[in-house]
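Chain naming follows the written order as A, B, C, D and E, and within any one chain the residues start at number 1.
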């Protein structure tokens, strides 16, 4: 579905990603793990078009999307839930969701999707009139996921959805991702929460210093000592 | 203190302030949203004032009615200016400073175009209702001022409505609060910035007509108007529409009252001094900066 | 640089100068029809562009007329006009450029007062006759001998005529309390001079006296104050826009003094265009007027009517023309382009202009001018002195319509 | 400046500069038309103003839009000092030195609160400061109020007095430029540039930023003060409209940025070029068109040469040299 | 040498650092670890004076430094680097470091002498060959070295290194670790560093402090801290610790 073909991304002179290739298959959850600064967020931003590639290509269902502007990529259904949520803090929950459905396609279905989002996250319906900035971390993450869902994603990319959340909330978020996957939504999760991420994923990649150092079945990776080493340096 | 004098100055202050606010909201918008300090904002207002003046003099179209023509034209002009000139510098390191100098260049060009087309003499927009007055008890309401006040109310509410109720307006706010995330939602930043700039220039157009109904204007008037813009925006908080409205009122009231109770020649000094004090004490404005 | 060297330089400079002037004289002798170049700068753009452009038109009309008559000293005249963009510094450097680079034969007067004031010391050094509005009494008190106000736009004299007339009004009918509002610039300040002198003399009390910076933000508080203090004469010492705003506010607030004096806005045709009947009955002064019976005014009116579709010539058009008239008579009187001779001739003879005959004193000023105007039926009519009167003054002012 | 020039080149540059100064110094005594002396005087005035502005605006990165206030304060202080001390025409000029000190003191007082503001806020507050001083002067009768002040002119032939003013301004300009150059290469300048680049980092580098900023502001106010004093004596008549003209403020900012604010050469080139361009345009084109061209110039500079024309030309030359000498990757390194 | 007592910092409703006690001794290399947002950089900002403390105090060599402006703190001998490098972009490498030398605690005023000293520091950090270049022309590793060089320029007694190793490859990290040792041994500077690269922490540090949500959860030798269940939980999640 999404094929990343040997991309290199640079910040000025410095390479943040070197020669990274990833395949995301339809209907699966792919996990991307790796320690801080290993280039996970850069990879997502490269897919979303926020970051220009130095070399390599990204294909979406066979079509090249690298080089398109972010809004064009979003229009194809490649939607990112950014790290740190990046909600519109002085807009209400409802407005945040509305902006999620800004594109003409999703806009037509906005009412229906919103209903679905509220079903998934009943808490949001209670807080629909509240400013996003005043919500708790967990609720904010729900809004962020909800906003992404409003764009009717074909591929949902979550960047550190567990960041700064209590374990129970993290669990809830991951459960919903799995649930959505059950309904056929392809996902790419980037997380430091290694165990939980791997346990819901099908496929996994381990990123270290901007390079893929491991790829494989998520369950196999769970057991691999190399993962622990990559994180703790032991 | 004299009650009638106080009330009368208060009224005229509020009405003046409302028009400053109308002129100021667009300025606030571009500064807040795009980090572009549009020094030529007042000059665009002046341009629209001259256009309405000519429409009135040659075709007899009432300045208020001619807004139907001028506002879309100003909007379009704003979009073009953004596309051609502002967009190239938005990626520069010091956008704010570059934008000030760039738009200063635009202001020079516009001012001299106005000079070429209309000449240098001061103009007064004298319509059939310019000298009309409403009298309520001991208080007088001058018709053009009332009209300016109403225009400002409508203008500020319209912009507020645009930002808070329409999807495009919400997208503007979103792009402002989280440029990156808004792109991820499919918002084209360039297009949104262009619309914002267009709306801002259209506002300045309305504001310019409002100013023209209150004051005389000439090709150099925009310099003084610009000072009022800074006042309004800095008092009201950058990017805050209602703040700008309140800022305009506050400045109008202060000017009005000080004109009544202070030697007239110190009034401007007080206004500028006040701005300095506010800047030193609360550079973020008296009100929260808000979208 | 030692004194000796300086002396040498000066001597050699004089020598070169002498050779040059001999050469120049040869040229003059051989080509008598070489045009006389009159140089200087005017504010053709910028803040003072409007009057500046009218002055230019007046000057050009004079030149056209002069050349039709066969020129000055038998030579055609031509202008070298710079645009100083209403910038005083530029006005000074352009005057120097005209004198030292273009080597013009004559210098014309600049505008506005601030520019003229800054140019006056320069022309004094260069020894060039400078006929202009001058820039008010103070600049004529600096001891400059080459500067003339021919006629000046003299704020100090502006209301002279009005008060002279007011003196003829029975004392019990005269206003008792005055409100004085003045724009905070040299013209405004000089306008208050005659008010202060005459109100003391006539026993009128100044109750409100305020200055304001241009542009006037709002005239309402001014009028409210005047009204509350029961001022029965309003002196609004301003230009057109603030004057119009003041009248509008006065009408809006139902303030109806016995007389309204207005600075230099009410003599302009635009006054009645903006205010209509509300602009009527306002008093002012002037230095020259299109209805004066002196020869030339009719010609100007005729030309303006044909060329610009105006009923009467604008005041600055007249100034431009009149200053050139004065300068030309100095040349003709001295029968030479020698500036010092021209100066001396002006100091001892009388010139006849559209503003009347003028004889300049040691300061370079004519006798005080005491015209008083009043706007009646949309026209600035002369009401004083009695011998030039074109309409009877209306006093006290009728109530607003 | 700390890098680049090798010694011999440096001396050659120095020699050329001394030569230029000498030629300029002799120039008015060659008896050119007085106008050209006055014009050169104006060029020098603008060079001084732009260069001193650059100390706070270019080196330190604080865009002051109110620098004309210091010019005006200097002019008025000179006039008032001259009148109070009853100095003769020749001595009044000397009063411009204490007038410069007055300007610097005002800068210290006003700089203390204002320099806490950054970017556009600093620009606005300095602009306000210029208006406030202008209005204050206009409203104070002992400063001549709206009438302005007269100063007695030198009792000399115009050529001599103009030449004297030219020489004085030349001295001031040379002193100002050398100060700018000294600051650039000194510890002081290093601190200022650190502030421009990143004030917070500068603080962690143990740079006392508040003190340095105020010092820079005072220095950059001193020279306009002196220049204002000389200008007042030159014009013999000062008025708020003349010496507090906001356009001067804006013009010097643009001159400095046009040339490039990073080094002392920028304002020098910018002021010289723009004064000549202005002069040329106003002689040959209608003033409105001239100013439209002027406006376009700013837009072009901002869009195409954001670091000023000096830097732009330098890069152009470097680029041409590199095209012949080096391979491509090297050029990208040198140019970025 | 550097001591914090009950240090606390709040941003709005969020407490970034909660009553934190810590002490750094002379000659140590101390590491600080913790997941994102655990308040490490905030602590550095508090020490260097960029943020004001809400509660508690920080002493340096027995002298109260909390409440001092940053330039005074720096003058006393606390140097620091920034996580996201902040070189003075329009100054050459040499100028960057020279400026630091001129204003640092060495008390130098002569630019030429300072330049020589800066050159030595550039040599020490391995940047001497590029002294004329501008920071923009360096790779991330070079910039981090420059950041260190600039901090060394002001002759600190203690150096706060904020994620110097992030974004380097393993070879570069080895070089940087060596540099850290040399800073301590040759310049006699105490080092306090925030680090995510565990390999670096393990080899370089004498002691490690671990933070989570602004609270200290471990303090001790690297091996001990890395195997601390609290720390593992903080990093890898709840259930990983049990494995």
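Note that in this section a contact is a pair of C-beta atoms (placed from the backbone, for glycine too) under 8 Å apart; a residue touches a chain by one contact, two chains touch by 3 or more.
Note that the structure is a prediction, hence the values are computed from the model and not measured.
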**Report entry** Smallest number of contact steps required from chain A to reach chain C
**Finding:** 2
**Report entry** Identity of the chain that, by mean CA position, is farthest from chain C
**Finding:** A
Query raised in the report: So which one's got more C-beta contacts, A-B or B-C?
Result: B-C
Report task. Between chain C and chain D, tell me the centre distance in angstrom, where each centre is the average of that chain's C-alpha atoms. Result -> 37
Report summary line: Cα centre of chain C to Cα centre of chain E, whole Å, reads 74
Query raised in the report: So how far apart, in whole Å, are chain B and chain D when each is placed at the average of its C-alpha atoms?
Result: 33
Report summary line: chain A residues touching 2+ other chains are none
Report task. Enumerate the residues of chain D that touch no fewer than two other chains. Result -> 135, 138-139, 288, 291
**Report entry** Junction residues of chain E - those touching two or more other chains
**Finding:** 136-137
Requested in this report: Identify every two-chain combination in which the chains touch.
Outcome: A-B, A-E, B-C, B-D, C-D, D-E
Report summary line: Counting only contacts in the complex, chain E reaches chain D at residues 48-50, 69-75, 79-80, 82, 86, 88-92, 94-95, 98-100, 102-105, 109, 111, 114-115, 131-134, 136-137, 150, 153-154
**Report entry** Residues of chain A that touch chain E when the two form their complex
**Finding:** 11-14, 16, 35-37, 160, 162-164, 167, 170, 192-196, 209, 228, 231-234
Report task. Spell out the part of chain A that touches chain B in their complex, as residue ranges. Result -> 48-50, 69-71, 74-75, 79-80, 82, 86-91, 95, 98-100, 102-103, 106-107, 147-148, 151
Query raised in the report: For the complex, which residues does chain B have touching chain A?
Result: 167, 170-171, 173-174, 177-178, 180-189, 290-291
Report task. Under the touch definition given earlier, write down the residues of chain B that touch chain D in their complex. Result -> 31, 37, 85, 88-89, 92-93, 96-98, 100-102, 104-109, 111-113, 115-116, 223, 227, 230, 234, 265-266, 268-269, 272-273, 275-276, 279-280, 283
